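What follows is a set of structures to go through.
The following pair of complexes shares a single chain, subunit A, combined with subunit B in the former and subunit C in the latter.
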Partner chain A sequence: MTASPNGGEPEGGARAAAVPIAGRAGVRAWWRTPTARRLAFGYTLLSPAILYVALLVGAPFLFSLYLAVSDASVGDPFAEFVWLENFKAAWESPTFWIALRNSILVTVVAAIFKSLLGTTLAFLLLQPFRGKKLIRGLVVIPFTVPSAVSVLGWKWMYDSQFSVVNWALNRVGLISAYGTEGWPIWLGQPHLALAAIIAVNVWRSFPFTAIVLLAGFTAVPQEVIDAAKVDGTTFMQRFRFLVIPMIAPILFVGLLFDTVFTLSDISVVLLLTNGGPGNATQILPTLAYQIGILAGALGRGAAISLFLFPLLLPAMILLLRNLKRREW
Partner chain B sequence: MNTLSEKPIHDRVTRRDFLRTAGVGVAGASLGTMLAARQAPAQLRGTSLRILQWSHFVPAYDAWFDKSAKEWGEKNGVRVRVDHIPHLEVPARIAAEFAAGAGHDLIEFAGLILTGLYYKSLVDLTDLSERIGKKWGGWIPAAGPISTVEGRSYAIPNFYILIPLLWRKDLFEKHNLRPPDTWEACRVAARTLKPKGHPTGMQFSHCNDANHNWRALWYSFGGRETDPSGQNILVDSKETREALRFAKALFDEGMTPEVFSWDDASDNRYQASGVACWIHDAISAYRTTEDTNPPVFQHTYIGLAPAGPGGKRVNVGEPTAYAIWKFSKNQQAAREFLIHLTDNWKEAMVASRGYNMPLLKDGYKKPMPVIGTDPKMQVLQDFPDLMAFPGYPGPYTTPIQEVTVTFVPADMFTLVARGQSPDEAVKWAMGEYRRVYAKHKRA
Partner chain C sequence: MVTAARPRSQRAKEIRRHVLIYAGLSPYILIAVFPLYWMAITALKQEADLYRMDVIPVWFNLPPTWKNFDYLFNHTNYGAWIVNTMAISALVSVITLLTAIPAGYALARLRLPGAENLGIAIFMTYLVPAIILFLPLSRVVSMIGLQDRWWALVVVYPTFTIPFCTWLLMGFFKTVPAEIEEAARVDGCGQLGALVRVVLPVSLPGVLTSVIFAFTLSMQDFLYALAFVSVGDQKPVPLGVATELIRGDVFFWGSLMAGALLVGVPVAILYNFFLDRFITGITGGVVR
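Then we have the complex of A and B:
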C-alpha cells in the first residue's frame, strides 16, 4: 500500500482500487438510478398500448405477410412458402391493374370532392342561423347510417328501370325517356359506374370532412381573424395564409383517416356493382375478397390486399412527418 | 388350387381389415335399422346439432325447415339450432369456421359449391350418399360434380335452383312468333318485340345470373368449359365463338344497355313490370310476377331450356349441398339429420313453392309436387337430364370456382357485347383461365 504524503492515508486511486465497486457507498446499480426508474415507469404505463398495437395491428399484419408469401388456401390447413409467387401472379393479371388504377382514382377524386363539399358545409355551419343545432345533427346522417343500408338505397336510386335520379332528371328535361339512348345506365356504363361509386363515397364521407374542418375553424381565435381583417386581407387570403396553416394538424389527421377509409372500403363497390360491368369498377379490396375468400386462395388474396400498403405508406409518412414538424 | 388357401390366415385377414370390415358392417347395420325405423339411435339423446345455411329466397321454406328441424330434434332428443345467413356471406363464414376449427356441425354450400376446396376437412359421406341414392332411385347426373372429389362424396346434394325461360305468350301470339324453344326463336322474338317496347334481358354484369345464363347458352351451342376430368380448359373453340357471336346479335337486336347494370333481381322486376318479352331466370321471377302483377302473370309461361343450333339443351342452375366438418362433435346426428332431410324432399319442395328441384331421380316421378299440378309449370319436370353446373362437362373444381367468382365467362360475353371481337374475348378469357389453372397447379 502506498502512503500518502499528507498523513499516511492511501492515495485516492489506490483507495478506490481497494474497495469493491459494488460495495462503494453512493454508487447505485443502473436499474436503481432515477433515469432507469423513470424509464421503467414510463414503459410500464405504455405497455398496454404497445401490447394492444402489437396484438391487434402488428400480429394481423405479420400474419397477412406470411399468407402473402405462402400458398395458403381456406380449405387446406397446410401452406408452403412460395416466395413472391402471389405478387407475381397479381402483377401478371390485367384485372389487378384495373383494380389498382380504380383504387387510386376513386380515392383521389373522392378526396377532392370531399374537400370542396366539406369546406363549403363547414363554412355554412359556422354561420349563425335558426335550427343550426338540428342541421348539425342531420348532416352526420350519411356518415352514421350503416353502409349496407345506405348503399342499398343508392343502388335502388341508380336502378336502370326505376331510378329516381333519372326520373327527376327526365322531369326537368335533362335526359330523355326510359328505353332511349339518352337514359343513363348509372351502374352499367363503365365511366358512369365509377362516377356513381365516387358519388356515394363522397356522400357518405363529406360530413366527416366537414366536422373535422368545423372543429378546426372553431379553434382559430376570433381575435386573429379580426386583426387580419383590420390589416385589409381578403377572405381567401385569411383562409389561405391564416386558417389553413393554423388548422393544418387537424386537416392532416382528417385526410389520413379519410384516405385509409376510402382505399380500404369494400362495401360501396361490392353492393353497387360487385366490380362489374366487365371489371370496370373493380378495386383492390373487392378483388382481394373475390380471390382470397370466395375463390379460397388466401395467399393470393393477401398479396393483392398488401398492394395497398406501398400505396398508403408514403402518404402516411408524408402526412405524419408534416404533422410532427408543425407540432414543433 | 385356390391361391387364397395357400396364404396363412393372418395374411388374408389382418387385424386392421377385420376392424374395418366389422366397423363398416356395424355402421351399415345401424344405419339400415335407423332408416327402417326413421328414428335416430338413443345415444344421440342430450346432444346438440348446429346447422349453418343460407337465407332461402322463399322465406316460407326457412320457416318449414326450422320447424322440421326442431321437430326432428325433439323426437330424437337433440337440441337443433339453425343459423340462416345471406348466401353471399356463406363462403366467408365457412372460411372463418375452417380457420377456427370450430363452428357448426352441418354446413350448406349454396350457389358456390365449396366441396373441392374443403374436402380435406370434411367427413367422407360416400356411404351415406350411396344409401340415400339407392333409396330414392339414384342421383341425377349433375349431382356428382358438386359432391364428389376423387371418387368420394364429401357432401350430400340437397336441391338446385332451376333457371328456365319465362316468356309472354300474349306478346308472342300477337306477333305470330313461335314459342321460344330454341335460342334462335328467342332471338327472333327479341328482335321483333324490342321495337314494340318489349326487349329481352340477360345480365352482362357481375352477378350469379350472368354466370349461369351465359353458360347455359354457351353449353347449348356445344361449348365446353373443361374436359370430363376437369383438368384441361376447352374454352377456345369454334362453338364458343359461335355462342359469342350469337350473344352479340341477341344484345344488339333485342336488349337495351341496362343489362350491364343488372343484379340478380333486376330481371325479375323487368318481367314483373310487363316490359320484358322473355327472360332467362329462376322461377322466383315467375312468383314475383304472380305476386305483384297478376295481369302480366296470366300471360307469363315457362319454357324448356332453349336448344342450341345442334338441338342441344343445357340448363345451368344453382346447386346446394350439405357437408359435415371433421371437427364436428356430433357427426352422427348430422348424418341422421341429412337422412331426415332427404326423406322429406317433397315437403321441402312444397314449402319452397316449387323452387327446390330435387337431385334424386325419384323426385322426378310425375306429377312432381307443386310443379306437376300447375299446367304452366309442368314443363319443369323434364329438366333433370338437362342440368349442368359450372365446369361442364367436368366437375365443379376449385379453379372453376375461381373463374366463376371472378366472372370470367360472364365477362367474356360482356366484352363481345361491348364491341370486342369473339377472338379477342376468347383470347382474354383463355389468359384468365390459364393463369387460374397454373396458380392452382403450382399450389
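Then we have the complex of A and C:
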C-alpha cells in the first residue's frame, strides 16, 4: 500500500511524472509535493480500518482455510495437515448432505415467498394514503427486531401444547384438538419443523424485500412514466419495459444481500430446533457450530462452514460487478 | 345539483381507495406485529394464564402482572446483561467511529489511486459470513485471553461495523461540498483541521447514523456471543435470555419474553428510524 506517484492529479501531475527519472534528490522533493502529502495523509487515515479488517476478517478467513485442512481441535493446539480429509469426512456423512440440502431448500423456498409478499407489500406502500409512515413502521418490525429475540417469541408460538398458532387453526376448524393425530407439533415433526423454520425466515425478511423494492420504485422518475403514458403505453408495458429495467440493479443487490443473510443465519434454526428432530432441520451453519465448537473438532467444523462459500461466491461476484458499475 | 355532488363523489372515491389500501395492508400488519404482541402479552400474564387453551389466549384472563419482570431483575443476571450489552455496543461504536470516519473521508475526498476498489473491498468484507469466521476467531479470542469475557465481543463486532459504517460515511462525505473545505484550507486549516472543524460538523447526521448502526448491529448478533461467551454474568442480553431462562425442559416463558422485549423493542424503534439509510447504505445508491 505505497503511495503511487502517478495519482493522476492535475496540479501535482507534471512533477510527479518526472519522479522516476530523477534521482534521490528528486524522490525527496516529490515527498514534499501536495500530491504526495495528500496521498500519505489519505493512506494514513485509511490504515486503521484496513488493518482491522485485514487482521480480523482477512487473516481469520485464511486461517479457516488452514483449519479445514488440519486436524485441529479445541484441546489440541498442535494440528497436523490432513489435506482434504475433513472435506471427505463431511462428504461421506449423511448429516452433511441433509444440512446442505436444507440450506439450499430454506434459502430458495424462503426467497420465493419473500418475493411474493415483498412485491405485493411494496405496491401497497407505493400508493399515497394517510398514516403511511406509521404503517410502514409497523410492517418493518420483523426485520428490525434482533433475530434471537423474535425467534424466541416464535418458539413460544410454536409450543407443542400451548401454541397460539394451533389454537387459532383449531378455532377456525383447520386442525383437530390437542392430543389427536391432527394436532401439528411444529418443532417436533421433521417436515413441519422445516416449514416452521422457513416461515420464520420469511417473516423476518419480507419487509426488507419490500423496502428495497420500494426504494427502487420511488427512484424511477415520474416524468419518464408520464412521458410513456402520453405515448399511450399500458400499465404492464410500462412496468415491463421501464420500471423493471430501471430498478433491476437495486432489486438484484437486495436479493443478493438477502441470500447471503439467509444462507449464513444461524439463530433461527439454533433457537427453534437446534437442528432437530434428529438432524431433520440441520443447516450448514448449525452443523459447523455443533461440530466445530460443541464437539471441539475445529478442522471438521471449518471444512463444513467452507462449503457455504461456493454457495455464496456467485452472489458475491455478481454483487461486486454491480457495485463496480455504479456511478462515482 | 351535479356541481354539488361532484366533490362529494371525489371524496367518496378517496375514502374507498383508502379502505381498499388499509384492507390490503391489514394482513401484512397482522403478520408483522402479532409475534411481538404475543411476546408482550406473555410477558405480562400470570403463570396460570399462560397455560390455558380453553379460553381466548390473546387477551388477559387473569389480571396482568409485573411478576415476570420482577423475576428477571431479582433472580437472574439480567441487570448485568443489560450493562454488558450497553458497554459492548458503546465501545464498538467508539472503535467504529475512530476507524470508519478517517477511512470514509479518505476514500471519498482525497482522490486516492484505487479508492473505488478499496472501498468496495472493505464493504465486501461485511458480507463474509460470521459462520466462516467464528472458528478461527474463537482461536484469536482465546489467544488474547478474552475467552468467556464480553470484551471478546468488543474486539469482534467491529469486523462487521467498520465495513458497513465506512461505506455509509463515504457516501455522506461525498455530499459535502468541496468549496467549504477549500475555504477552510484558505483560512489556514491543515488537512486534518479541515476534516475535524468543517467536514465533520456538516456530516453530523451521517456520523449519528453510523453510531446507531454500530449500536444496533452489535445488538443483532447472536452467533459470536454464543461461541465466545458462556459465563452467566458476561453475556449480552439476547444470549443471556436465550440460554439462562431455559433450564433443561423448563421454559420461563413470561420472563423470557419480558427479557427479550426489553431490549428488542428499543432496538427495533431505533433501527426503524434509520432503515432508509440502511437500505441506501447497502444498495449503495445503485439507482440514483
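We take it that the second predicted complex is superposed on the first by the 248 of 328 C-alpha atoms of A that agree within 3 Å, B and C clash if a C-alpha of one lies under 4 Å from a C-alpha of the other, contacts with A are read in each partner's own complex, and residues count from 1 in each chain.
In the analysis below, a contact is a pair of C-beta atoms (placed from the backbone, for glycine too) under 8 Å apart; a residue touches a chain by one contact, two chains touch by 3 or more.
Just so it is clear, the model here is predicted, and its values are computed rather than measured.
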Touched partner set for A:Val145, first subunit B, second subunit C, both or neither: second
Broader residue contact with subunit A after superposition on the shared chain, subunit B or subunit C: C
Subunit B versus subunit C as contact partner of A:Pro285, first or second or both or neither: second
Which superposed partner A:Tyr158 touches (first subunit B, second subunit C, both, neither): first
Touched partner set for A:Leu263, first subunit B, second subunit C, both or neither: second
Partner chain(s) touched by A:Ser176 [first = subunit B, second = subunit C, both, neither]: neither
Which of subunit B and subunit C A:Ile293 touches, first, second, both or neither: both
Subunit B versus subunit C as contact partner of A:Thr233, first or second or both or neither: neither
Touched partner set for A:Met246, first subunit B, second subunit C, both or neither: second
Which superposed partner A:Thr119 touches (first subunit B, second subunit C, both, neither): neither
Intersection of subunit A interface sets (partners subunit B, subunit C): 161-162, 293
Interface residues, subunit B side, partner subunit A - complex: 91-92, 94-95, 98-99, 112, 114, 117-121, 197, 199, 204-207, 210, 256-263, 266, 269-270, 273, 275, 398, 401-402, 405-407, 411, 414-415, 418, 428, 431-432, 435, 439, 442-443
Subunit A to subunit B touching residues, read off their complex: 71, 73-77, 82, 85, 89, 92-95, 155, 158-162, 179, 185-189, 193, 273-279, 290-291, 293-297, 299-300
In the complex with subunit C, residue positions of subunit A that touch it: 4, 6-9, 37-39, 41-43, 45-46, 48-50, 52-53, 56-61, 63-64, 67, 117, 120-121, 124-125, 127, 129-130, 135, 137-150, 152-154, 156-157, 161-162, 164, 167, 178, 203, 207, 211-212, 215-216, 219-220, 246-247, 249-250, 253-254, 257, 260, 263-264, 266-267, 270-271, 284-285, 288-289, 292-293, 298, 301-302, 305-306, 308-309, 312, 316, 319-320, 322-324, 326-328
Complex contact set, residues of subunit C against subunit A: 17-18, 21-22, 24-25, 28-29, 31-33, 35-36, 38-39, 42, 50-51, 53, 57-58, 98-100, 102-103, 105-107, 110-113, 116, 118, 120, 122-125, 127-140, 155-156, 158-159, 162-163, 166, 191-192, 219-220, 222-223, 226-227, 238-239, 241-242, 251, 253, 256-257, 260-261, 263-265, 267-269, 271-272, 275-276, 279-280, 282-288
